[in-house]
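There's a structure below that I have some questions on.
Labels run A, B and C following the written order; every chain starts at residue 1.
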Amino acid sequence: MRRGEYCLIAPDVVLGRDVQVFHFVNLYGCEIGDGTRIGSYVEIQRGARVGRNCKVSSHSFVCEGVEIGDEVFVGHGVNFINDKYPRAANADGTLQTDSDWTPQRTTVGRGASIGTGATILGGVSVGAGATVGAGAVVTRDVPAGATVAGNPARIIRNDERGTMKD
Amino acid sequence: MRRGEYCLIAPDVVLGRDVQVFHFVNLYGCEIGDGTRIGSYVEIQRGARVGRNCKVSSHSFVCEGVEIGDEVFVGHGVNFINDKYPRAANADGTLQTDSDWTPQRTTVGRGASIGTGATILGGVSVGAGATVGAGAVVTRDVPAGATVAGNPARIIRNDERGTMKD
Amino acid sequence: MRRGEYCLIAPDVVLGRDVQVFHFVNLYGCEIGDGTRIGSYVEIQRGARVGRNCKVSSHSFVCEGVEIGDEVFVGHGVNFINDKYPRAANADGTLQTDSDWTPQRTTVGRGASIGTGATILGGVSVGAGATVGAGAVVTRDVPAGATVAGNPARIIRNDERGTMKD
């Protein structure tokens, strides 16, 4: 492993071979596959999995419940989500804890590319080889091979079907 | 207080009881209420106030002029703004300083939820119990209880009035 | 130079006079002009250039291939891009390296203002004095003096031509 400065890598992190971790990184309870690169200021939470030969670029956040396949590109400042109706406190005013909700699951298929600044809502599936445009807000599943963009994200190209869709 | 690693908490920060501050945090001149959790890589500026039992999630930025009520959820990578026409320099080419503008005021009401990746422009009011969708760019006031989404953000549900609005 | 805490400034960085660098900053191989302020959690990559008397606000990312003129304001959480079709791996599954693509070039003209949370795609030119609205996703050139907003960004005011455009 190559490891940058000011990094926090908790003892329970499972790192594959030849992982590169840059600076100011915060990893805990997650699993990172062989050959993957983790950029500066990246946080990856407990229970998240990142595959082999991925790039997770700086300032991105991968939360619990996210499973990223092999050879996936995650751009800069990408945020994943695992809670549909996040609230700070319960109805009685007490702070919510991990036991107050079950995280949604999100999957990103092999070879997909998540553009810089994208937001991926909880519970969606981004198919293998799909492309999420920069700044897109993904609220629904993205088919394998498709390209989506916008807020909310819409399919702008669909290589699997050979048609243009709006 | 529970305090993470590599944190900068200036002596003029007013922290309530049982505040949790995670890693790589930068707080100065602000006020944080009892029981609130501040995520990693969060910056909160001089003059900002965060209420009790809030969660401010990682990579978010709370600027001068922002007042956040109790039990508010702020997602990951949320940015507040306090300047309508930001410029680096004055007409004479000198760098702008604090004395060259008055920050706009932004308020977030009790129990509101600001989704991950949202941008909140200066001078707006987000009402109590309102929900700002992930990735929304909020340019106008959000009524209490309403849900907004999109860029620019529009009301997609309005629980207070029981009507759908666009 | 004024330098904050937990900063990484590589020996190959060229810093002008009176540069201020805040906390948790990561600079390498870049050039920063006289009097410019670099906010906390900012990363500026090898080959990027930032002019004089600029402000680059916290959580922003300036990549290789970006040239920023004098007196430019870059808001918080702004991301530049230099790769149109980013992928983590080549067709044979090996991780992409610097030799697998040529970064696109992006220029920002003198006195421009890039709003908080904006995403600037690779290869675009933001003209002198232009304003990019908060949260905008800029996919095309922005004329000098124009204001753009939205995802994708459209011209909402064009001071050079004196007309409103959509």
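A few notes on this one:
The working rule: a contact is a pair of C-beta atoms (placed from the backbone, for glycine too) under 8 Å apart; a residue touches a chain by one contact, two chains touch by 3 or more.
Bear in mind that the values here come from a model prediction, so they are computed numbers and not experimental data.
Here subunit A and subunit C face each other with different sets of residues for the most part; under half of the interface numbers are shared between them. In the CA-based superposition of subunit A onto subunit B, the rotation angle is 120 degrees, rounded to steps of 5. The mean-CA centres of subunit A and subunit C are about 23 angstrom from one another, to the nearest whole unit.
Contacts with at least two other chains are made by residues 6, 24, 41, 59, 77, 117, 151 of subunit B. Of all residues in subunit C, only 5-6, 23-24, 35, 37, 40-41, 53-55, 58-59, 70-73, 75-77, 111, 113, 115-117, 131, 134-135, 149-151 touch subunit B in the complex they form. Residue ranges on subunit B touching subunit C, taken from their complex, read 6, 8, 24, 26, 41, 43, 59, 61, 63, 77, 79, 81, 85-89, 93-96, 117, 119, 121, 137, 151-152.
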